[in-house]
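What follows is a pair of complexes built around chain A, which joins chain B in one and chain C in the other.
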Partner chain A sequence: MLILNQDQLANWLNQLIDTYKVFAPVKDGDHYTFKEISSGNQVTLNYTNTKVPPKEVLFPRSEKLFCYRHENEGIQLEEKIDESKKVIFGLRPCDAKGFLLLDNVFNNDKYQDPYYLNRRKNTVLVGLGCNQPATTCFCTSLGGGPFASEGLDILLVDIGNRYVVEVVTEKGQELLSGLNLPAAEPEAQEAARRVKEGAALSTCINLDGLKAKLDVIFYDPIWDLIHEKCLGCAACTYSCPTCHCFDIVDEAEGKEGCRIRNWDACMFPLFTLHGSGHNPRPTGKERFRQRVMHKFKYFVDNFNAVACVGCGRCIINCPVNLDIREVLAEIQGLEVRSDKQ
Partner chain B sequence: MDDITRAIQETAKNLLLNKEVDVVVGFARGSLPLRNTPCFVRQPDDVQKLIWGYGCENNLANYLRKRPEKIAVIAKGCDTRSIVELIKENQIDRNKLVIIGVPCQGMIDRKKITRLLAGRELLEGEVKDGQVILKGREFREIIPLNQLLYDTCLNCQHPNPVLSDILIGEPVPVKENACFTDVEEFEAKTPAEKWAYFQEELSRCIRCYACRQACPMCYCEECFADCSMPQWLSKSSLNTQDNIFFQAVRVLHLAGRCVDCGACDRACPMGINLRTLTRKMVKDVQELFGYTAGIRLDQKPPLAAPISTIN
Partner chain C sequence: MKNPYLPLPMRLVKNFIETEDNLIHTFTLEFLREEDEKSFQYLPGQFAEVSVFGTGEAPFGIASSPTEPGHLKFSVAKVGVVTTTLHQLPEGTILGVRGPLGNNYPLEEFKGKNLVVIGGGFAFTTLRSLITYILHPEHRGDYGDLTVIYGARNPGLLLYKEELAEWEKRSDINLVCTIDRPVEGWNGRVGFVPAVTKEVAPSANNAYAVICGPPVMIKFTMPVLEELGFPPERIIMSLENRMKCGIGMCGRCNVGNKYVCKDGPVFTRAQLNQLPNEY
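Moving on, here comes the complex of A and B:
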């Protein structure tokens, strides 16, 4: 463990900016978002959670996969692979866990996504532990924690006017190489331990037996009612660190165009609308069921992990206060026979 | 507020017991401080879920279009105005709807609280005698209620239901003059400044379409933003211009139909100021057509009315 004074932080970031694109939380109107910074002074680290997760640094809202042009000699193709070196600075442990879950989707034995993976490979994650988690946070229910280092390269623990720096990976070690930070003295380590102990979460969700229930309730009448107030927007999915569905479109004009990958959301009717006009998920019921099932059943079936990190953004951002904690509690309250398949 | 809650519960119970309606749409306690959440009650025994408060901010008219069953709705002034327009557009069958009108004293804007608390988390909130008591870890603040109400509510000229079958609570005083100072400030900008303003605001748009989904009047079976043949605008958010185009067309499509309930603005997770646009259009429709949306059932919508009705 090393120690970093708060007043050294901006300098360190300025050094990093010379080599890396640095994305860090900045104040944006009433909330905080991850943006590429041009100076260490732009960063604000006394935030609870950003409005949208840093997911978009590695999996952008819209990205050009390749562009093409018809020319006399034939078609010219230009693939858009982003090889730039990046640092995501000051992200929360839950958002780092989000990337670990996304890795399952973009890097598995059936498919490796070069666009995501190139960014992933070239990105260093510098986390900031949560001294004061919000009441909407429930990361510990999902195997995470306010100071979990899983998925991070470096974890910073704010102990007042200094940070205790935990180096998690070699990538993290490399990022610190020029700094010559001193080792954290026992008092600082003790302070970090106290900070960690003090970061209690007030909310938890119960996942015990949830998957087994979801396995057998696809046709349960609960879905008729549970979605009822949902408006069918994508405020939840687009602010989720693990939602990853996308749509690919060609945008062309004249003889040139680009193939673009955009975020998409299972809450939209268009998401599953077939060319024939048939829609296998015709109403909010099927679409809301899909969102719950994908996170808490299908993702578990496919990757043996729940696709939720407990960041609470969907709770805060939902325009009608449809709270995933309450949805899960209601499902958990169902009496179901697990042999009824 | 407690009296209104009790009256709502009793009314809902009677309507369900007498089988006058199959479902009552109202508000329940929310999961966040000072927040209420839409709630559907079908059993007489469940009516105690229904409550009234300063967090009943959603426009429940959004849940009433094309319902097969008989339905009752708890409706504020703005909800009833949307209902009036939806009846005119044949989206609601008046014979199957019971409107339980509740005069509205305004709803609390949680964004204003967030701004005020500057990073401190609100753990508990309570409204008492025109004051809002905000409690968190190691703080307790008392703020006058009208400093925390939505701007929509502070500007509202129709807080009392314009149409109702049952009225609960006493009518609240009505402001006499419309206040469009925000729009006038916007109008005074040069075209370049207006463009810069739109660029700045809509650069934050993530195309989640919460604005569209939250609006009771945005119900096109196929939204122009979703069309692919022809594709009217880019599906991507690479260019802010497309976000501006989406919002501009959405707002213009609401001309003479928008009741300035603020639902779009509230729904936006990115805090984009949508009301300057919608209210500019509301003001234009008033000035050009002498029409205020959702006031009278027998008044034809301006764009469907004979040209002679123009002042």
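Moving on, here comes the complex of A and C:
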């Protein structure tokens, strides 16, 4: 463990900016957002969590996949792979875990997504532990924690006017080279331990037996009721660190154009609408069920992990206060019967 | 890293009006580069994403067979933006193709078995690929009897009429075409596919059934196949769901935990019985 004084922070960031594109939490009106910074002074680290996760640094909400140009008898394609080196600075442990989950999707059993994976390979994650988790946080229910280092390259622990620096990976080690940070003395280590102990979470979800329940309640009448409040606005999916659905469209002018992918959401009716007019998920009921099932059953079936990190953004951003913790509790309260259509 | 989003450039060499209502066209595409043709190794049942540059891309089952080298064929119904544009394209247009995507009909399992292929309407495309593949002299000996039951509303809506006529003449395929209502000049059967399947009564002994068609046809043919003794493990189906990426990432074509694009589109009935009915 090393020690970093708060007044060294801006200098370190300025050094990093010379080599990397640095994304860090910046105050943006009444909330915080990860933005590319041009100076260490722009960063605000006394935030609870950002409105949307830093997912978009690696998986932008809109990106060009390739551009094309018709030429003579053929066509020229130009791939738009982003090879730039990046640092995401000051992200929360839950958001780092989000990337570990996304890795499963973009590097699946058959295909690799070069856009995400190239950015992922070239990005260093510097985390900031959560001294004061929000009342909507439940990361500990999902194997995470306010100071979990899983998925991070470096974890910073704020102990007042200094940070205890935990180097997690070689990538993290490299980022600190040239900084010559001293080792954290016993007092600092003790302070870090106390901060970690003090960061208690007030809420949780119960995953025990949840998957077994979801395995047999696809046709249960619970879905008729549970979705009723949902407006289908998809704020939950856009603010989720693990949601990965996207659309692909062309934009063109004359002989040239680009193929673009944009975030999309399972909460929208057009998402699954067939050309014939048939829709396998025609109403809010099927779409809400898909969101719950995908996160807590299908993802577990496919990747042996729950696609939720407990960041609580879907709870905070929902305009009708639909709370995933309550939804899961209601499901847990069901008596399981055999699932018949 | 191979980029699965980059289409291979192809030239549209034929835009053929397949059905009399002009709603289905069959497109023949040729690779612009020899190396692409070599790398595009596919089997019957697989699909591809066809790009109309500037308009978008859409997934279609590959209607040609790998035994027909040099080109790919897609039979496409005019239903949306991409397909409507496609229908109007002049021959010579440069298109893009990504693939082959998805799994194929289980040709290895089929070896030494009799096959009953049942199709309805314009869902006959990958079935054409399968039949053409099996009828190829190099493969025909690997498979037993081949029975094909194919129905359309009227004769003008049958796909691949010239080939159907060719198959009619062969002794190594039992082709039964049927239309919904009698039409002057039609000498084949009249009746819906489920009823005709019952009449033809192909034996389930040592046999697989492959069935592709509109949901209502599937629904009423299933009990017939069951009665004939086909177990769910030997009924092969192909699903369609809306797709974008074709590689299991964009999140819209899943049925339960399976992605139609990556884990399908070919499933056995036994597999589908384990999945929710979201297709």
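Observations
As a convention for this text, the second predicted complex is superposed on the first by the 335 of 341 C-alpha atoms of A that agree within 3 Å, B and C clash if a C-alpha of one lies under 4 Å from a C-alpha of the other, contacts with A are read in each partner's own complex, and residues count from 1 in each chain.
What we mean here is this: a residue touches a chain if its C-beta (ideal position, glycine included) is under 8 Å from a C-beta of that chain, and two chains touch if they have at least 3 such contacts.
All values derive from a computational prediction rather than experimental measurement.
On the superposed chain A, the two partners chain B and chain C both fit, without a clash.
By the document's definition of touching, of the two partners only chain B reaches A:321; chain C does not.
Shared-chain residue A:302: touches chain C; no touch with chain B. Angle at the C-alpha centre of chain A formed with the centres of chain B and chain C, after superposition on chain A: 90°, rounded to the nearest 10.
In the superposition on chain A, A:234 makes contact with chain B only, while chain C stays out of contact range. In the superposed model, A:262 lies in contact with chain B only, and not with chain C. Looking at the shared chain after the overlay, A:72 reaches neither chain B nor chain C.
In the overlay built on the shared chain, the residue A:161 is in contact with neither chain B nor chain C. Once the two complexes are overlaid on the shared chain, A:177 sits clear of chain B and of chain C alike. After overlaying the two complexes on the shared chain, residue contacts for A:280 are found with chain C alone; chain B is out of touch. Superposing the two structures on chain A brings chain B to within 5 Å of chain C, judged by their nearest Cα atoms.
Applying the stated touch rule to the two superposed structures, the overlap between the chain B and chain C interfaces on chain A comprises residues 247, 249. Partner chain A is touched in their complex by these residues of chain C: 1-7, 9, 32, 51, 53-58, 77, 79-80, 83, 94, 96, 215, 240-242, 244-245, 247-257, 262, 276-279. Chain contact summary for the complex, chain B toward chain A: residues 30-32, 35-40, 58, 62-63, 111, 114-115, 119, 121, 123, 137, 204, 206-210, 212-214, 226, 228, 231, 234-238, 263, 266-267, 269-271. The touching residues of chain A, when paired with chain B in their complex, are 28-31, 46-48, 51-52, 61-62, 64, 132, 134-136, 225, 228-229, 231-235, 237-239, 247, 249, 251, 260, 262-263, 265, 268, 270, 315-317, 319-323, 325-326. Residues 65-66, 68, 70, 73-75, 77, 79, 81, 105-106, 108-115, 117-118, 218-219, 244-250, 252, 257, 259, 261, 264, 266, 271-276, 278, 280-281, 286, 290, 293-294, 297-298, 301-302, 341 of chain A touch chain C in their complex.
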